[in-house]
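The two complexes that follow have chain A in common; it is paired with chain B in the first and with chain C in the second.
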Partner chain A sequence: MSSLSRYIETAGALLLAVIWISPLVFAFWAAFHSTSDAVNFNLTSAWTLDNFRTAWDGAPWLRYFLNTFILVTVILIGQFFVTTLAGFAFAKVQFPGRDVVFILVLMQLFILPEVLIVENYAMVSRLGLFDSILGVGMPYMASAFGIFLMRQAFKGVPIELHEAARVEGCGWFGILWRVYVPLARPTYLAYALVSVSTHWNNFLWPLIVTNSPDTRPLTVGLSIFGAPENGVDISVISAATMMSVAPLLIAFLVFQRQFVQAFLRAGIK
Partner chain B sequence: MAEHVNIERRRQAIYGWLLLSPAAILLTTFAFYPSLATFWDSLFSRETRRRPSEFIGLENYTDLFADPTFLVVVKNNLIYAGVTIPVSIGIALGMALWANSKIPARGFVRTAYFTPTVLPMIAAANLWLFFYTPGLGVLDQIGSLFGLPSVNWLGQPETALWAVIIVTIWKEAGFFMIFYLAALQTIPEDLKEAADIEGASRWTYFRRIVLPLLMPTTLFIMVNALINSVKLIDHLFILTKGGPNDASKLILYYIWEMAFAFFDAPHAAAMTIMVLLVLGIVAAVKFTILDKRTHYQ
Partner chain C sequence: MTQPFVHVEDVAKRWNGQLGVENISLSIPEGAFVALLGPSGCGKSTTLRLLSGLELPDEGRISIDGRDVTLAAPSERNLSMVFQSYALFPHLSVAENVMFGLKVRKTPKAERQKKLHRALEITGLLGYENRKPGELSGGQRQRVALARAIVANQPLCLMDEPLSNLDAKLRASVRKDIKKLQSDLGMTVVYVTHDQTEAMSMADMVVLMKDGHIQQVGAPEDLYYKPANTFVAEFVGAPPMALIDSAALPGFGGVEKIGLRAENIHVAETGQGRLSCQVSECEFLGSETFVGLSHPGTTGLTVSMPGLRNIPAGQQMEIGFSDADLHFFDANGQRLNQPQPGA
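Moving on, here comes the complex of A and B:
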């Protein structure tokens, strides 16, 4: 009885896994076959790279990749700087108004940047950052979530280390830089993975703030490339999609454990 | 001595605010000020070439409630939330139980469940386009094996929203799974042994022990899923553009359209304020009720 139910459960788990992965598998298969072979599920048909060639020539992909790369880097550097300082202030410095300000910061967890697109667009334009990568990245740099994460990490650092560094003659910034930051390395790594994959995939805000191929990230480029008005066929869209998800997907498959741990650490504090 | 303490305290205060200033400036610029400005703008009429913008109180809000599109969009979003939240949580729980049990190919199963999480919504939409395309798509081809007629999943009002919902569930279930998986691994083995000794069935064990222990995780996921039901709209841009006839339009998409396609910022602002209100209620419930009740672990 129990072995029968185990078979059924294994079959169920595998079936769901196959269903879950199938959109990706179909797109992968379509990307390497001619459109007519792809839609007819001609399993014996020849593999081809033509779709990738067509897709590659159809848009400035190299520029899009570069833009996305710069964007996630700029955001990450900004976030590390801002959240380290703020997280340290909330965790280890006593000052009046700290708790009130912390609640204000937590509120930002629910004031999603995505919802404030209209005013943030006006703000970015006012600052002269429209159609710039910095304009796409700035609203995300003071991430409440990151501040919260850093605060938790710094709170766990034993006060003895802090005192020891002070006795050695370290100032506040020295202590932060030499004691706290190295000890919080796992948190930084987790936060980096979450941040990079979030912003590699972000779409709506970059769509609004960018207006030229020189600033457009991959997601926006992909959406323009795949627009029905352009009349691209399914195999070419699949090739373009595969191309733009490949870096993150491969990184995920190689560092799967780290990714999952990162999302967990980021979620459950 | 007292003076020394005073100086130290003042120094800490200065350091504290200095350390906070970059975050404070950015949060003010891109979260707090825009929230207030959105509210302010929602009270004014739209500026046209002939008429300057003037104060009209809550007229933008009453306009919206008289706008049939807005009502359809709200209804769509309620369905979207009402289906994606429970279904993705249920699937996530099932996935976690399976991925945690001793089955063959467990590594593959976990990877398959989680992979959609790392794909951009735009890419996910492109992948699913291949499923939904009438005639050529995978769904239609499977249907035709059973003699079913071709269905334009994205092109007809009855199915468009559901097609969008399925993509969202596919995208988020694997993400929620990892939280359940982590929580399952913290349940001590002896509980299972004790239940076995007592002769409890697997179902009883699951319902009476596992499910209650997972409650904090479930609430955490629920808040996330709720936020996602406002936020996850990128696939609309590829799959349906909110159509046909607004049948799959969601509120954030409508805000975008109102502001950047119809150039009607005041009405977009009024909608934004309503969304912020809902999110504010969620936040208040989370911080006051849920955080207190789930700390028993």
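Moving on, here comes the complex of A and C:
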């Protein structure tokens, strides 16, 4: 009986994995074959790189890559900065109304960013950041999830270490920088992974707030490249998609072990 | 009369109206080894934290080295601290842990290396510079914590139960090391412990506390031979002092309790003793056996007998002692130097 249910579980897991990966496999397959071969699943057909050449010439990809790269970096730096300070304040600094403010921050988790898209748009315009990479990144920097994560990580740091650092002459920032931040490294790594993959893939908000190839990230560039008015060529679009997801995919495959360990360590501690 | 090195005056600390410590006054001379002793929750750690500046007192004044530091930050008090859990930074190597404070205070690199080398040499940690605390044994971690405390050459070192995480054998040897270190470096040490053996064997001055109040301050022998009250009498010594109601041992006026140490009791022949007791238990310790005795109106009556004894419980035993070895306490439990004559 138990062995039967084990088989069912394994089969279910395999099924889910196949369903999840099949679009990626198809895109991979299509990217390396001519359109007719790809849609006819002609398994013996020749492999080709022509699609990549066509796609590469069709849009300023290098610019898009650079934009996305700058975008996720700017967001990550901003998030690290804000969540570190806020998390530390919520974890270790006594101030009146701390719990109320923290609950308000947590309530942000209930709100989908898409709900605030109009308000964010107005805010970014008022700040004069419309159609800039900083404008794309700004609304995500004060991440409630990140603040919560950092607060938990900092709360787990033994108070004796804090006190030892105080006796040795550290001020608030010295303690934060020399004790808390290094000890929360697994949490930073795990959070960076979530943040980078989220913002690498984010589409709707950058689509709305960017207006020119100079600021457009990959996702928006890809959607414009694949828009029907440019003519639909499955193979070329697949090739462009492959190019867009490749850096993240390769990074994950290479650092898979470290990522999983970072998550485990951040979670268990 | 020189100014005491550490001076604590009428310090009180309360937590949400609950008692922390109250009326703490202490004068510690330079170079002294002071043990704060007491059962858990007696306020000895709180006192240490008030000295360190990790807690600030609600009342009273604290001065260190002639400077009023009542409200000063820990880092401004020129002291080092050894924590019970050692508080080593797990992400830093031994060398970085020891040099942490020097780096924070921006000591030049050459001087830092010299001090590090010396501290590691004194604590016998040379060769472990690049290990992380996680790769060290408990005793080694303890020595790293000591090295960090002595590296900056601060005149005052506070230790919060530094040996309680070590096994018994190691504890005895580290105890000697700490004592030697203290006298070699001429540091003033304030040492918190709940273990009276530690306090009695290491300290020049013992501060015995209970429920947030100091019970007695004095040299270890004073606490042992002249306990200020019945709490001290029953806390210090193994076995602790026995207390006898004056009703059970008449003849001493104005006395409520009479104290008597095990080593001053001898077994008397039948009819010759001053108290007739029943044996309640035997505790064999190797060179001697503590025989617990029960008698109405007494607590903790014990006689120490050489070698192995196995006296069945319930057997009658008469004990004798001389008046010179008795300690007298009044109705409030305070020591009386002489009972009033007559009864």
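By definition in this document, the second predicted complex is superposed on the first by the 235 of 269 C-alpha atoms of A that agree within 3 Å, B and C clash if a C-alpha of one lies under 4 Å from a C-alpha of the other, contacts with A are read in each partner's own complex, and residues count from 1 in each chain.
Just so it is clear, contacts are C-beta pairs under 8 Å (C-beta built on N, C-alpha and C of every residue); 3 or more make two chains touch, one makes a residue touch a chain.
These numbers come from a predicted model, not from an experiment.
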Mind working out whether A:A55 is in touch with chain B, chain C, both or neither, as first, second, both or neither?
neither
On the A-aligned overlay, A:V179 touches which partner chain: chain B = first, chain C = second, or both, or neither?
second
Would you sort A:V209 into first (chain B), second (chain C), both or neither based on which partner it touches?
neither
With the two structures laid over each other on chain A, which partner does A:A190 touch: chain B (first), chain C (second), both, or neither?
neither
If we overlay the two complexes on their shared chain A, which of chain B and chain C does A:V167 touch? Say first, second, both or neither.
second
More residues of chain A in touch with chain C or with chain B?
B
Taking the superposition on A as described, I'd like to know which of chain B and chain C A:L71 touches: first, second, both or neither.
neither
Once the structures are superposed on A, label A:A239 by its partner contacts, choosing first (chain B), second (chain C), both or neither.
neither
Is A:E114 contacted by the first partner chain B, the second partner chain C, both or neither?
first
If you look only at chain A, which of its residues touch chain B in the complex?
6, 9-10, 12-14, 16-18, 20-24, 26-27, 30, 39, 41, 81-83, 85-86, 88-90, 93-96, 98, 101, 104-123, 138-139, 141-142, 144, 147, 172, 197, 200-204, 207-208, 218-219, 222-223, 226, 234, 237-238, 240-241, 244-245, 248-249, 252-253, 256, 259-260, 263-264, 267-268
In the complex formed with chain C, which residues of chain A make contact?
158, 160-161, 163-170, 174, 178-179, 182-183, 185
For chain B, which residues count as touching chain A in their complex?
9, 12-13, 15-17, 19-20, 22-27, 29-35, 37-38, 41, 94-95, 98-99, 101, 103-105, 108-109, 111-124, 126-131, 133, 136, 138, 141, 170, 174-175, 178-179, 182, 217, 220, 224, 227, 230-231, 233-234, 237-238, 252, 255-256, 259-260, 265, 268-269, 272, 275-276, 279-280, 282-283, 287
Under the definition above, what is the set of chain C residues touching chain A in their complex?
52-54, 73-75, 79-81, 83-87, 89-92, 100-101, 104-105, 148
